[in-house]
């Protein structure tokens, strides 16, 4: 009786704390509602979707080439890896084989982005646990890598450098030299980070025994990447189903034993060294050759071959032959500068003052009435009418440029025609397994583009990792699963 | 506490995907509708009635051992096929390194299918996303609610008949229209002095 | 009317003496406050510089030459910021909390001596505002009052984060106070007095030169407890940015935040001063260093400040290097490791002292 009375008076309730979307430690906009009993966590509910941009829906309305920049913005910390995943999947769908040099370059930048991602992970993980200095040391190295990215493609974050069929452009020699110097100095820097935290008593107390997951449970929950390998499962797509140049280099994969935060940390630190080693081997073995496949059915034509009719400084003038023009109005609708005027069924005219030399009319006209006059810039309409010849009789390089331009326009507007079928291709990005599932219906745009992001699954594992631990361990757990909300929400 | 570096071999030891499809056909002859193949990957299209039994067989069988659910998603075939939706399961065996794809057909008038959470607990959020984007209900799911869209959103965005730009402004999500209304009110702010 | 008939000469004399003493005390307060606050301001500046250089960056460089005017810029900014009081916060308590915290810390400055007393023109001036015989005990009492400031700040903010931070911080400070007090008992036994000036004198006369050498365990325990008392890394769980945003002063902005900040740094100064006075010999130098010829001409206050600055550097160094302990680990260290060690230290010190006094008696 007295016990019941006492329990009624001293009623305890769980406190519900909201680690809101804006918070210094949740890497991105992740909302966690923690139900805590004193300091122990009873329940964790993650809420995602704050960064949902509808990439899958957008991909259905864009062609295969146009959907590539969308994948940059998924895992914005290691942008090259997302691009590589997409490109490998699309290449397999179309049946294109990238040249050797392009594969090697893609593997090099893939490993560079793996190092860059792991450095950022270490910086934020250590900062959340309190070691501020590791944050700045890691960013010093990361700046070097981002400068290298800028050297080859002009962007640090949203790179879009790997393309379907290869890479966008070849790498300059100073890039390789600077990268080689980086791989020389990087092991000593890794030693600096490890000296600060690896055997540090406080770090060990904060990470050993926190968030233990057994191998079976981890695979059942769908974990991949270093998060899974820390629990002891030897699953690495670079070894299971190698793509690009991974079968030509020798490297080890770190596998953990206990499945706690410390093992996952050690896995990623060892992966840093392995990636360093891989890059060195690749730079030594880099073969010469082209960097883009030449397949005309699915690859954009090279821009320099189209320059005879699109280069802005050439003195070209575009003209419509009156005899051939049927007045259908297609070029008038297509002209982006609205420079063509004319009645229905009457020959159209191009206003030379407004014309921007984009060659849209040249490729749109089915009746071969639009033509280009080399050297005709600034001449009057009568002079142009004398000089203009039908498109069939233009010089060889201009005719070839026109055909290539037609192909380019078709690819950009409608997309290269993919064979019908469906495909699932997975690549090993730094965070885990990035899977692309394409359903193609034979047109230039994917019928269904599905991105399987590792961060999405890992965020769902957060409740299992945190329950039973203290509030401070939630921060360690978020750090160890290494999520990025751009990828999680797509 | 030891983390070792292991030289995993590239050599594959898995079964041919067509053999796996034959095994499934042998075990569930009346469920399998079709077996499709494209670029060395095999899909088995089945009816939705015993989908969990099929998945459990694939998960538990010692020779197949599909322990890793790579992806669980849905595709909307509006206008192209009679049965509108298909729930697609991409399975992989980390032990034997083989891959198979199961597609379960879900008709439009009755968008329900059994949940795969009892077999793989990682299917949880995948199924929530399918529900959110397509409106397919998974019976037996522990907590089926929207995940990426706001909780009170109406409509299923990834369906083919959902506009790319989203709903019109007058039928839009109340959270957004509320913010617009309030910002208009606050714009007419009287500054004193 | 002779003034001597109304007020007797003795009384007038007493009044004049009282007036002059009062003037001297007020002067001392002004000087100590001014120098103390200036030290606090530049402690923040040097923290940013030192930690910056340890992290391969430069720290403040823009405001003034190499950023030397940064503390004034910070102070001005905090002074002019909007004063936000959360809705439904307990207003009176909300306003009082930072004042209690800062006042409790600043009062400690009044018992810290900076040098031996010296005479100027027949007046004995001792560079301590209040030379009381229980100086050490007074400091502990005031630290205890400072805890009030912490947890009523957390309570009055009406926010879960601040509340949790306040509770944690209060519990941590109370636990480590015990360890700190016990570590100083050894010093008291060796010096035989609670008066801070006497403790320094005892160190000057002792054979070791500073109590840090025989009381090495006490010194280590005191340093760790000092870091925990002032809520610095690795014991800064209550204000861990990544977990509770800023702990018990999350909801404070503007000048009230500045008061908390000041209180924390003054507590650091007090801890550093106590360490120098009790363990490092204060403003004196050991006899084995006095043999160097011109060292005797350096005034005592210089040694005092140097030792305090060294302790500050120790604080900054630890902050830049170590990660943060989890809360239960913090409490575990305080109760399960530091207190038993400090008790053992007292035991050994007491035994040795008894042995020595008996031997001396014999």
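Some observations on this one:
The letters A, B and C name the chains in turn, as written, and every chain counts its residues from 1.
Assume contacts are C-beta pairs under 8 Å (C-beta built on N, C-alpha and C of every residue); 3 or more make two chains touch, one makes a residue touch a chain.
The structure displayed is predicted, hence computed values, not measured ones.
If you sketch which chains touch which, the chains link end to end in a single open path, with no loop closing it. Here A-C and A-B are compared, and the pair linked by more C-beta contacts is A-B.
Between subunit B and subunit C, the centres computed from C-alpha atoms are 61 Å apart. Chain geometry summary: the mean Cα position of subunit A and that of subunit C are 54 Å apart. Between subunit A and subunit B, the centres computed from C-alpha atoms are 22 Å apart. Touching of two or more other chains is recorded for no residue of subunit A. Interface of subunit C with subunit A (complex): residues 51, 54-57, 160-161, 164, 233-234, 236-237, 240-243, 245, 319-329. Within the complex formed with subunit A, the subunit B residues making contact are 1-10, 12, 36, 38-39, 41, 43, 67-71, 73, 75-76, 80, 88, 90, 94, 97, 99, 101, 120-126, 129, 133, 146-150, 157-158, 162, 164. If you check the complex, the residues on subunit A that touch subunit B are 48-49, 52, 54, 56-58, 61, 92-93, 95, 208, 216-217, 219-224, 230, 233-236, 239-242, 247, 250, 252-258, 262-263, 266-267, 270, 274, 421-424, 426, 433, 435, 437, 439, 441, 447-448, 450, 452, 456-457, 459-461, 489-490.
Listing the residues of subunit A that touch subunit C in their complex gives 15, 17, 23-25, 39, 126-133, 135-137, 140, 196-197, 200, 202-203, 205-206, 470-473, 475.
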